[in-house]
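Below you'll find a set of structures to go through.
In what follows, chain A forms one complex with chain B and a second complex with chain C.
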Partner chain A sequence: MKFILSEEQMLFRHTVREFLEKECTPEIARSGFNRERWAQLAQLGAVGLAAPADEGGLGLGEVDLVLLLEEAGRAALPDPLIETSMVAIPLLREAEANDLLLEAADGDVVMSVGLAGSRYVTYATDADVLLLQLGGAMFALQRDDVKLQLMPSIDMARPVFRVEWLSEAGTKIGEGADLVEAAFDRAVLGAAAQLLGIAQRCVEMAADYAKERHQFGKPIGSFQAIKHKLADALLMVEFARPVVYRAAASIAEVSHHRERDVSMAKVYAGRAAKRATRAALQTLGAIGYTQEHDLHIWMKRSWSLEAAWGTSDFHRDRIADEVMG
Partner chain B sequence: MNVVVLVKQIPDPANPYELVDGRLKRGVAQKVMDPGDEYGVEAALRLVDQFGGEVNVISMGPAAAMEAIRRALSMGAHKGVLVTDDALGGADALATARVLAAAIKRSEFDLVIAGVESTDGSTGVVPQMVAELLGVPQSTFAKEIEAKDSSLTIKRQTAAGYDMVECPLPAVITVTAGVNEPRYPTFKGIMQAKSKPVDTVSLGDLGLGGDDAKPTQSVDAVNPAPERGAGEKFEDDGTGAAKVADLLKQLKVI
Partner chain C sequence: MDLNFTPEEEAFRVKARAWLEGNAPAPMESMDTPDGFEQHRDWEEHLYEHGWAAVSWPREFGGRDATLIEWLIFEEEYYRVGAPRRLNQNGLFLLGPVLLEYGTKEQKERYLPKIVSAEEIWCQGWSEPNAGSDLASLTSKATRDGDEWVLTGQKTWCSRGVYADWMFGLFRSDPSSERHKGLSYILVPLESPGVTVRPIAQIDGEPGFAEVFLDNVRVPVANTLGPEGEGWQIAMSTAGFERGVALRSPGRFMASADRLVSSYMAREHLVSPSLRNDVINSWMEVEAYRLYTFWSVSRKLAGGTIGAEASLNKVWWSEMDVRLHDTALRLLGEDATLPLGDEHWLDGFLFSLAGPIYAGTNEIQRNIIAERVLGLPRS
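Right after this comes the complex of A and B.
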């Protein structure tokens, strides 16, 4: 397996970082989904990356996508990129639902997904089409076909909804355990990638602050209590990254260890995000607890992603199941 | 309309820079196409969208400057030329202009677009020299461009507002940061850029010799701008207002 990123993959990542640094500043990240930004992301090619080349995409895969989702986490992008580009588009591709696939890849139709392994549907009022699981099948529903109830959440830039399915509505787009299980694992991988980006950003944010903030006549970053904390957090990020990339490769290669690998990715990335956000909060001190400082945007996103598509406990159980056989 | 865009690769201005013997250290990790050149590339792409033709990107620099050309190609430019030669290390504005003019002359062009000045060197004279060497008119500081088949009208940014300037083609223009909103390279553009034609040429290929590349200007010293000193403090013992008034008089404010 090749673990070196291609020049193209690095350029894609760089382009998305550059775009998000301008179009998704922390100030903007607070305010939730934005359709204009979504259209620009689609224009770049980030939304439809996994769609086939003749369906408005680039025919690329999970290893490419995971880098972009890492950037989305880094910028705390409040858009359904996991839901649309990582889950819905590959699902529509496999189900050969080409009309919907083209519209989603072009950015005209925003999608979200509701899978049995996840209680709530994210961004449901921003999405035009919801892909919902019923038993072993996936259905496409218009927003009017369902009753949505906004649930209280710590991270209101990533809203979650309870979805009540009004009877007889929806079009079946595909069925089978392979289809729905792969969709769930892709969502888990997407969350892991974003958690990794969040963790990286928090370490950087804390390090920048530790270089600027002086106490006892020196930058606080010169004290071991701070630098060891941040070094430990960075270590966790670096340990998590190859695990997340490996999981992406396992999905792309249809490995029979796919479940185990994505679960490990979620556990490792979740742990890195937890460590990094806490280290950042402690480094920043009181300012980190305020609404005005940006840290809480990443902290809250890390909590909401930790709970999404299976908690760490759920994923540890899945790993144990495979180890114990 | 065939448009040439002059681009330069520079150390990322977002990072701190380093000087060695009065020259900018170029071996740093983070290098980018001069952000000011993106406006030129965008302006060229819009003209070619309107009139047809090709955008040719020309740069002078070390071999790694190819990345700046690739960036322009991934934005949509059609082809590129990089002039790279060891003899060009330390080239000044005139030597750069000679090289760029010689590279531009290799193919037919209707318009040459450059930024107002490079973000790192900031001489702001290369495009004017290029125009002179090419023997074509120049109009500078464009904040709006309107083209017809054989002429061009620009709104030229001035301190007081703008001038309307018309000039026949071919010509050299420089564009300001207000001229447009440069597009981001798309993923498709990045993939296509790999297969676009790019020429790497040396001084000799351009029919130039070492003498053409010799700098006629040299930098004697580079000093940081002096730090602002502490202000003057007045204790107000009842005469404070008068002292402030005196100071303002001295500064000819009142």
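Right after this comes the complex of A and C.
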């Protein structure tokens, strides 16, 4: 038992954080996907993290992916990292679809995924290739092979689409329950990791504000009602973190508790994000209820990710089914 | 990152499990009753004779040199078989680690073996009638007279103080000092002339608390643990440990969570379906506590420290425990407040309610988290 991050993992996280602090400021986070930044992310190794080293990747594992996505959540990065790095690339690797894998890892081909567990496809017009599930199989489709309808959403930097499959077009890249279920669980873990990063960022944002903002002649952070609210939010964040990392290990090790552990990651990260965003809004007061302040970006991302890839209620039931099964 | 136990750790578990399964006693009376006390002491002696009383202590003092991970494994196995609460937990988990860190060679040799063998039972004498959360306002005094301390004052809420042989306490040894300065950490034999112990019945009716009055009690200066006047720093190292994993390892909560799940499953068709969510929420909270513990203990083993994070830990386990027992009682419906049958949740429920109060109230913990982890200004 050695439940710690390695030096390399901490260094990698640090590198990603520095990059995103520069390249994904809150201004940029509002504006949506951008190909130039995607190319830079690919150069950093972030996109093809999980691709084998001889397929343009870094050959790294789920824990590294989780760290990457946690940082993406922290920065509210509006790019399809869950879709491409977390789901598509491991799926292409499993299916030995090597040409597509190489292009995706290089950042040349942006990918998105549509799985049976989800009604919508995110970033569909930004993606070059969509991996869609039909029955128990996964197909690769070009954008022209489908009809896309952009849905109205409160989180427009993470656009969601309804997808209609036009013809018999598309290449089957693999099939089987193992393949599609693993893809779904990866997406869930990716959302959990981002929610964790969002929660962390909101606690920090609120604590910083509470030190600066004065009322009654004192920083509002000296009032116990504010202190305890933020302490509770931090508690949720700190206890969600090992839950999320453990889920990464369960995927990496093909644990027979994978579904349970991944679901628990989504429930816990979702709970931390909810607690942290609410605490942050209350701490900021009216300014937090505007679009002039940045908080709403993280709040909205937390809502859209909570709703994506199975809500907390869905996942709680999945856990109960295993624990009480 | 490796969440699997090593072969050595697995072997340790197998050994601990085999011994515990062969030796765990039948349920006992409350340790706060005279009979229950003797039953618990016999069990402690038995643990000691077989080397299981304090697995993480050095061998020379009756331990097994087990790693912290192995200690956590032992705790899981211990509570899995439903073994009794630890009679000498103040000595084993609070004083012991402090003696190991700050004690002189003589002190270690004098006290540790009798803690581990349960020959001497310890209580903690920190709180006073007017010093609870604001512990640094305590007024019990230690006045120097040659190579003796003369102790006067009153301690209260001492758990197991009624049956204890010794008390480790905090005393103001420098009369001109204030607050956290000038306190000394002193070990007091409760048989000393001038000590009066008055039992106080806890909520369950048993004398789980004691008030300890000290009227010119003489103890050797050699009974001071750590440097004179630095008792606060030393006491806080115990406090950190108490809030952290030492007092409440995940094992006992895991056993409760398993019991809760079985209890629910046995009644699933009799109770409201809304209980299912509460049961699974409790199961998850315990699982998260287990993971958080391995996460923080691994960091400590890799050379890190557990600082103010111990406060996060304390808030979590204590509030989780209350919710878990609350759910358990709801499963029992009308029988909740009647200690009937073989479902014993009521004692655990009562005990859980104290968790947010002792070892530093949860309000104080939240202040610590906000100020020391988040850096918010003091009030």
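We adopt the following convention: the second predicted complex is superposed on the first by the 324 of 325 C-alpha atoms of A that agree within 3 Å, B and C clash if a C-alpha of one lies under 4 Å from a C-alpha of the other, contacts with A are read in each partner's own complex, and residues count from 1 in each chain.
To be clear about the criterion, contacts are C-beta pairs under 8 Å (C-beta built on N, C-alpha and C of every residue); 3 or more make two chains touch, one makes a residue touch a chain.
It should be emphasised that the depicted structure is a prediction, and the values quoted were computed from it without experimental measurement.
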Check the residue A:137 against both partner chains and state whether it touches chain B (first), chain C (second), both, or neither.
neither
Who does A:39 touch here: chain B (first), chain C (second), both, or neither?
neither
Of the two partners chain B and chain C, more of chain A gets touched by chain C
Per the contact definition in the header, classify A:116: touching chain B only (first), chain C only (second), both, or neither.
neither
Notebook entry, point to check: Which partner does A:169 reach: the first (chain B), the second (chain C), both, or neither?
Noted result: neither
| request: Look at A:203 in the shared chain and tell me whether it touches chain B only, chain C only, both, or neither; answer first, second, both or neither. | output: second
May I ask you to decide whether A:148 touches chain B, chain C, both, or neither, giving the answer as first, second, both or neither?
neither
- Query: Is A:156 touching the first partner chain B, the second partner chain C, both, or neither of them?
  - Reply: neither
Chain A contact set shared between chain B and chain C covers none
Per the touch rule, the chain B residues reaching chain A in their complex are 74, 184-188, 190-191, 194
In the complex, the residues of chain A that touch chain C are 1-6, 9, 63, 203, 207, 210-211, 218-219, 221-224, 226-228, 230-232, 234-235, 238-243, 245-246, 249, 253, 264, 267-268, 316, 319-320, 323-324
Listed in rising order, chain A residues that touch chain B in their complex are 8, 11-12, 15, 18-19, 40, 43-46, 49, 58
Interface with chain A, chain C side, in the complex: residues 1-6, 9, 69, 261, 264-265, 276-277, 279-281, 283-284, 287-289, 291-292, 294-295, 298-299, 301-302, 309, 312, 315-316, 363, 365-367, 369-371, 373-379
